[in-house]
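Chains here go by letter, A, B, C, D and E, matching the order in which they are written, and residues are numbered from 1 within each.
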Amino acid sequence: QSSDSSQQDGEENTDSLSPLEETSKVIIAEDGSASGAGFYIAKDKGYFEEYNIEVEFATFGNSDEMLPAVAAGEVDVAGGISSASFFNSIAQGIDVRFIADKGHNNDGSSYFTFVVRDDLKNEMTDYPDVKGKKIAVSTENGVDHYIYNEMLKHAGVSTDEVEFVLMSDFSNMMAAMGNKQIDLALQIEPLITQGENQDIHQRFLDATDYAPEAQIAMVLGSPKFLTERRDVAVRFMAAYLRGVRDYHDIFMKEVDDEGEVVSIMANHTALKDEELWTEVGVTGLNPNGYIFEEDVENQYQFYQENGAIQGELDFDKIIDMSLVEEALDLIGTYEE
Amino acid sequence: MQKKVSIPQLITIFSPICLLLLWEFCSQFAILDPRFFPAPTLIIQTLVQMGESGELFTHITVSLTRIIIGFLLGVIPAICIGLLMGMYRYFRHFFSPIIMIFMPIPTIAMLPIILILFGIGEFSKVITIAISVFFPVAINTAAGVANIDKIYLEVAKNYQANAKDFFFKIALPGSLPVMLEGIQMGQAIALLTIVAAEMIGASSGIGYLIWMNYKAFLLPQMYVGLLLISFFGYFFSLSLRGIERKLLPWK
Amino acid sequence: MSKIEINQLSKKFIKRDKFIDALQDITLSIQQGEFVCLLGPSGCGKTTLLRILANLEKTTTGDVFIQQLDKEKPLQSMVFQENGIIPWLTVEENVAFGLKMRHLPRAYIKERTEFYLSKVGLTNFKRLYPKELSGGMKQRVSIARAFANDPEILLMDEPFAALDEQNKFILQEELLSIWQETKKTVLFITHSIDEALLLSDRILLMSSQPGTIVKDITIEMERPRSIEKVRSDSTMTDIFLDVWEHLQSEVKQARLK
Amino acid sequence: MQKKVSIPQLITIFSPICLLLLWEFCSQFAILDPRFFPAPTLIIQTLVQMGESGELFTHITVSLTRIIIGFLLGVIPAICIGLLMGMYRYFRHFFSPIIMIFMPIPTIAMLPIILILFGIGEFSKVITIAISVFFPVAINTAAGVANIDKIYLEVAKNYQANAKDFFFKIALPGSLPVMLEGIQMGQAIALLTIVAAEMIGASSGIGYLIWMNYKAFLLPQMYVGLLLISFFGYFFSLSLRGIERKLLPWK
Amino acid sequence: MSKIEINQLSKKFIKRDKFIDALQDITLSIQQGEFVCLLGPSGCGKTTLLRILANLEKTTTGDVFIQQLDKEKPLQSMVFQENGIIPWLTVEENVAFGLKMRHLPRAYIKERTEFYLSKVGLTNFKRLYPKELSGGMKQRVSIARAFANDPEILLMDEPFAALDEQNKFILQEELLSIWQETKKTVLFITHSIDEALLLSDRILLMSSQPGTIVKDITIEMERPRSIEKVRSDSTMTDIFLDVWEHLQSEVKQARLK
C-alpha cells in the first residue's frame, strides 16, 4: 500500500487506515501484568475505538491457563510468558502464533531479574556467590528457567551446585524470602520494587548481563483472528503499537504527558501507587513490535534439551511478524 | 437466669475477639511479621477504604451471584440424581462408581477442562462451583433416602401411594435431614471454590480480589478478601441452619 | 362366603442360604365383622402372616383371599406396632394419609379426618408433629389413620405393646368403641392374653416355629367387657390359664432347642 | 442365586467402562477435542511409559507419604478438639466460631500464610493437607459426641466411671461412627488438596505431576496424574470402609 | 436402721419458666432385703424418685439416705428400662462394666462376670454385640451387669416393659431366683399390677402429679409364686382390682385436667 507513509510519524497517519464499518469485538486474555501496557493505553486512549474495535479483557491466573482459551477460540489475543507449554500446544495442533513483543528487559533496570534476600545483600555481590544457594524460580521449562540457566552459565556455576526451588507464584517467593527459606529468586516488577521498599529483598545485578535479548513475553494471536478477521487484526495491531509507542515515549524517552499514561497503568495493573511507577524497572516494549526471534529459538532448544518438548516445530509458522509488518506499513516505523 | 443463659453466648463472641486481639498484638509488636500478617486494624482500614470507593460492592455482588447460581446449579441435579440413586438400586450401582472416580479430582485440575467445555464466560465460573458442590450433595441425598426407616416405605405401600406421591410424601421429606447436611457441606465447598472459579478469565469478584492482590503482594487487600469469604461462610451457614429449622419443623 | 380365606398357606424365608419355615400349612377363615386375635410365642410368624395379608410379603405356597364388597374401598389397612406414623406429617396429615393417597375429594378427606380425630380425642393436637406426642397419642393417630381409610379389613400388629398398662386399657376401650360402630373385620396380633380376652371374639393360638394354628378358641363373654369383669369371671380365668400354659410350654420348648 | 447377586456388581463394573468407551469414541472421532481430551488408550499408553521409567513410582510414594502424614496430622488434633468440643460445652462455644471463621478460607488462599509460617519444606505440604482435613473431622467428631445417647452417659455415671474411663469407654467409641464419616470426608479432601499442597516448592509428587504437565501442556501426562488421584481416592475410600467395619463390629 | 430412708423429699423441675412438681413430700423407709415395687400412673414421678436415689438427679427439698454396710461396695446400681446396655461393648464387657469401672482385680472381674453370665444363661453369647441379641437377652445382660456390680441396693426402672408377656415371665422368674440367692434390697418400678403382685414384698402406690405415696400394700403370698397361683388366689385378685381401680381413677382424673 502507501509506502510513503512509512516515513512519517504515526500520529498523522491514522486516516490512512479507515475505521471498520461495523464495530468488532476483540477479547484479550491478560494476567494483569504491566507488560500489557500496549493494550491498556490503546484502550484507554481510544486508539481501538478509533478503528471501531471494542476490546474486552479476560484475566487469567497465569499465562498457561490462557492456552485452552485461545485454542477454543474464546479469546482472540493473549499475552503470555514464553514457555515450553506454548511449543507443546503448538506441536499438538493448537495453532497459536507469536505476533508481537510484549516484554523484554531494559539494560540496567530489568523488570524481570534476580533478587537476593535482604540480609544477604552484602555478602552476595557477584555471580559466583550464588554457588550453594537456594534459588526460587516460578516455572520449570519456562522463560524463567531459561534465564536462570543463562545466569548460572554466566556465573560459571553448574546446576548441581545450587538448589533449584520451584515456586508457583512470585508472591510465594516474597513470603519465602521473608521466612528465609530461599536466598535468591527470579522476581518480577512491581514486586521487585515493593520488596526493596519493604526490605524483603534487593536486586541482584541485572538480567541483561547474561540475557540481554531475552524474549520474556509475547502477544499471541489465534489463527482464526489472524486469517479470517485480518482487517480487524491489522487495525488491532496498529492501535496496539500506538499504545506501545506512547508507553515508550513516557518511560524510555521520558516525555511528559502529565501522568496520563501512568494513571492508565495504575488503573489496569495491581501497582496502584502512581509514585512507584517512577521507581519500578519497567518492561521493555518494542515500539515496532518485533521480537527477538533468535532468543525464542534458543529457548526452544533449551526446553528440548530438558526433554520438555514433544514433537517438532516449524518456526516460520510460529513466529508470524506479517501482521506487525502490515501495521508498520500503515502507521510507519518508529524512530528512536 | 438471664445471666446464666448468656455465658455460652459471651464465650462465642469472646473467642474470635480474643484471637483478633492476639493477632493485633503479635502484629504490632512484630512477633508475627507485619509485612505478611498485617494487623487487623490495618485490614479493617483497608476494608473501609475499599468499601468507600464502591469497588468492593461490585466484587461482592459479582461473587455472590456466581456462588448462588453455581450452588443451585450443583445442588439441583445432585438432589435429583441422589434421590434416584437412593430409590433405585440399579441407578445407585451405575452412578456410585462414576461419582467415586470423579470426586477426588481437584478443582484446580478441572479448570482447563471446564474452560474448554464451557468457555471463559460466567458459565464456566458457575459450573466450577456447581461441580464441586455436586458430589457431597448427591452422596448425602442418596444416603438420606437409603436411611429412611423401612417402616415408612411399608406404610406408603400399605396405603397404596403411587410413585409420585411416594416421591413427594416419603422419599423427599424423609431424606431431607441428611440431604440438608450435604447442602450445608456444599455451601462450604462453594465458597472454597470461588477463588479457583475466578481464576478463569474473571475480572471481578472476591476470589479475583484475593488472588490478584496476592499476586501483587498487596496483603492487606488480600486479607480483606479472606475476611469477606469468612464472613459470607458464617452468614450462609447460619442462613442455611435457619432454613433447615423452617423445613424440618418435625425434627 | 367368609371375609378372609386362607388356604394351605406356608411361607419360607431364605437367610444366609438356610431356609426358615416361618409358617406352615395355615388354613382359616374369618367372618365379616369378627374381631380375631392371633396369639403365639415370639417368632412364630404372626407378623409374617399379617404382612402376607397386607400384601407386603408373598406366599411360598397356598393363597389368601380377602372379599371385596365395595370396589371403592381399599382391601386392607394396617396399624403398625410402633413408629408407624410418619414423623414429617402432622397428626392431621397422618390421619388423612390413606385418603390422600387414594386422591379422594378434599372435602371428604377433611370431613373423615375431623371425624376420626375427634373419635380418638386428638382434635386439639391436629397441628402437632408426632415428636410432640406421647406413645399413647401416637397409637391413636395410627388407629385413626387405619379407620379413616375405611378398608374392608383391619390388620393390627401389636399396636399397644409399647404402652403402659393403664394407657393400654384406655386405648383398648377406644378401639372397641370405634369397632362396634363400624363393625370392621379385625385381625389383631398380641402377646397379652388379657388383651386378647378383653378384645376378641376368637383367639387363634399359634405354635412356635414353624407357625401353625393349634387352637381356635371362641370367647363368648358379652360386651361391653372390662378388665374387672374379665378378671372376676371364672371361665375367663380358665381360658387364661389354658392359653398361658400352652404358651409357656411352647416358649420353654423353643428355648431348649 | 449366584447370578442374581452379581447383577449390581456387573452394573458397577460396567458403568465406568461405558464412560471410558464413550470418551474413547468421542476422542477418536474428534467429537471432543482430542488435544484436550486425549483418548483413554493414549492415556494408558502414557501411564505405561511413565511407569516403565520408574519416575511414576517416586511421584506416587512421595505424594502418598505426604497425604498420609498430612491426613494423620489433621485427623489427630481434629479428633482431640472435636471430642473436647463434644464433651465440654464451654470448649464448644469457644472453638465453634473459630472453626466457622477459618473453614471457608480456600486452600489456595492459605498457601502464602502456610509458606510464611512453615516454610517450603515437606512440613508445609503436609500441613496444607492437615489443615483442610482438620475442619470436617473436628466438626463431625463433635457432632458424634453430642449424638451419643444420653442413657449411656448416665449408665457410665451410675457405674461410677472416672473421667478417663468415661473418655475411652463411652465418648470415644460412642462418637466413632459419626467421626468415621468425618474421616472419610477428610480423606477425600486430603486428595483434593494434594495439587495445592504440591504447589509449594515441590519437585515431585502426583500433584506436582498434574500441574507441571498442565503448565507444560503435556495433557496425557496430566491425565495420568488425575487417573492416579482417582485411583487412590477409590482405594482409600474402600480401605476406610474396611477399617470402619473392623472398628465398628457392633454396628 | 432401715436400708433406704427417704425424708420429706420433694422435687421440682423447671420447664420453660414453669415449675413442675414432680414429687411431693415423700417419706418412706425400706428394710434390708425387701423387694419393693413402685406403681403409679404415667408421669407421676417414679423414674424421678429412682434417679434421685441413683444420684442422677438432685432433690429440691428433703433428703435420701442409703445405708452402706460394706465400704467396698457401691451404693446402688441401676437397671435401665431399655437400651441401657452399651452397644459397642460385647455381652461380656457389658456385664463386667461396673466392675471394670471400679478397677477391681482382673481375675475377680472374670469370675464374677462368668458367674452372672451363666446365671442368666448367656455364657454362649458372651462374645456377641447387643445388636445381635433379642430384647429379652438384652435385659438379661442389664440385670447381670447390675447384680455383678454387687451394690448395696438395686434400682430397676421398668426393666421388662418392652418385652412380650412370655419372655417377661421367664425373666421375672430368673430375677426372683437371683434375688433370693443374693437377698439384695430392690426398688422396682413397673406399670404392670401382675408383675408387682408376682415379684414384690410390698407395693407402694403413687398418685398422679405431683407424685405422693398414697398406699403401702404388703403382699404376703408365700414364695415361690407363679402366675397361675397369683391368678387363682382370691386375695390377689382383690388386691389387683383394688390397685387397678386406683390407677384407673388416677389416670382418668389426669386426663380430665
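Following the convention adopted for this analysis, a residue touches a chain if its C-beta (ideal position, glycine included) is under 8 Å from a C-beta of that chain, and two chains touch if they have at least 3 such contacts.
Bear in mind the structure is a predicted one, so any value in this text is a computation, not a measurement.
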Mutual neighbours - chains that touch subunit A and subunit D alike: B
Count of contact steps on the shortest path from subunit A to subunit B: 1
Between subunit A and subunit C, the fewest steps along chains that touch one another: 2
Per Cα centroids, the chain farthest from subunit C: A
Two chains sharing the most C-beta contacts: B-D
Distance between the centres, which are taken as Cα means, of subunit E and subunit D, whole angstrom: 49
Intercentroid distance (Cα basis), subunit D paired with subunit C, Å: 50
Euclidean distance of C-alpha centroids - subunit C vs subunit E, Å: 31
Rounded Å distance between subunit B and subunit D, as computed from the means of their C-alpha atoms: 18
Residues of subunit C touching at least two other chains: none
Where subunit A touches two or more other chains at once, by residue number: 68, 71-72, 169, 171, 175, 178
Subunit B residues counted as touching two or more neighbouring chains: 33, 36, 112, 116, 211, 214
Each pair of chains that touches, named by its two labels: A-B, A-D, B-C, B-D, C-E, D-E
Complex contact set, residues of subunit D against subunit E: 149, 151-152, 154-162, 165, 169-170, 173-174, 176, 248-251
Subunit C contact footprint on subunit E (complex, rising order): 41-42, 134, 161-162, 164-167, 169-170, 191-193, 227-228, 231-232, 237, 240-241, 244-245, 247-248, 251, 255
Residue ranges of subunit A touching subunit B (in the complex, touch as defined): 29, 32, 57-61, 65, 68-69, 71-72, 74-75, 169-171, 174-175, 178, 190-191, 194-195, 198, 200, 269-272
Complex contacts: residues of subunit D adjacent to subunit B: 7-9, 11-16, 19, 33, 36-37, 89-90, 93-98, 100-109, 112-113, 116, 136, 185, 188, 191-196, 207, 210-211, 214, 222, 225-226, 229-230, 232-234, 237
In the complex, subunit C residues that touch subunit B: 54-56, 74, 76-78, 80, 83-84, 86-89, 97-98, 100-102, 129-131, 145, 149
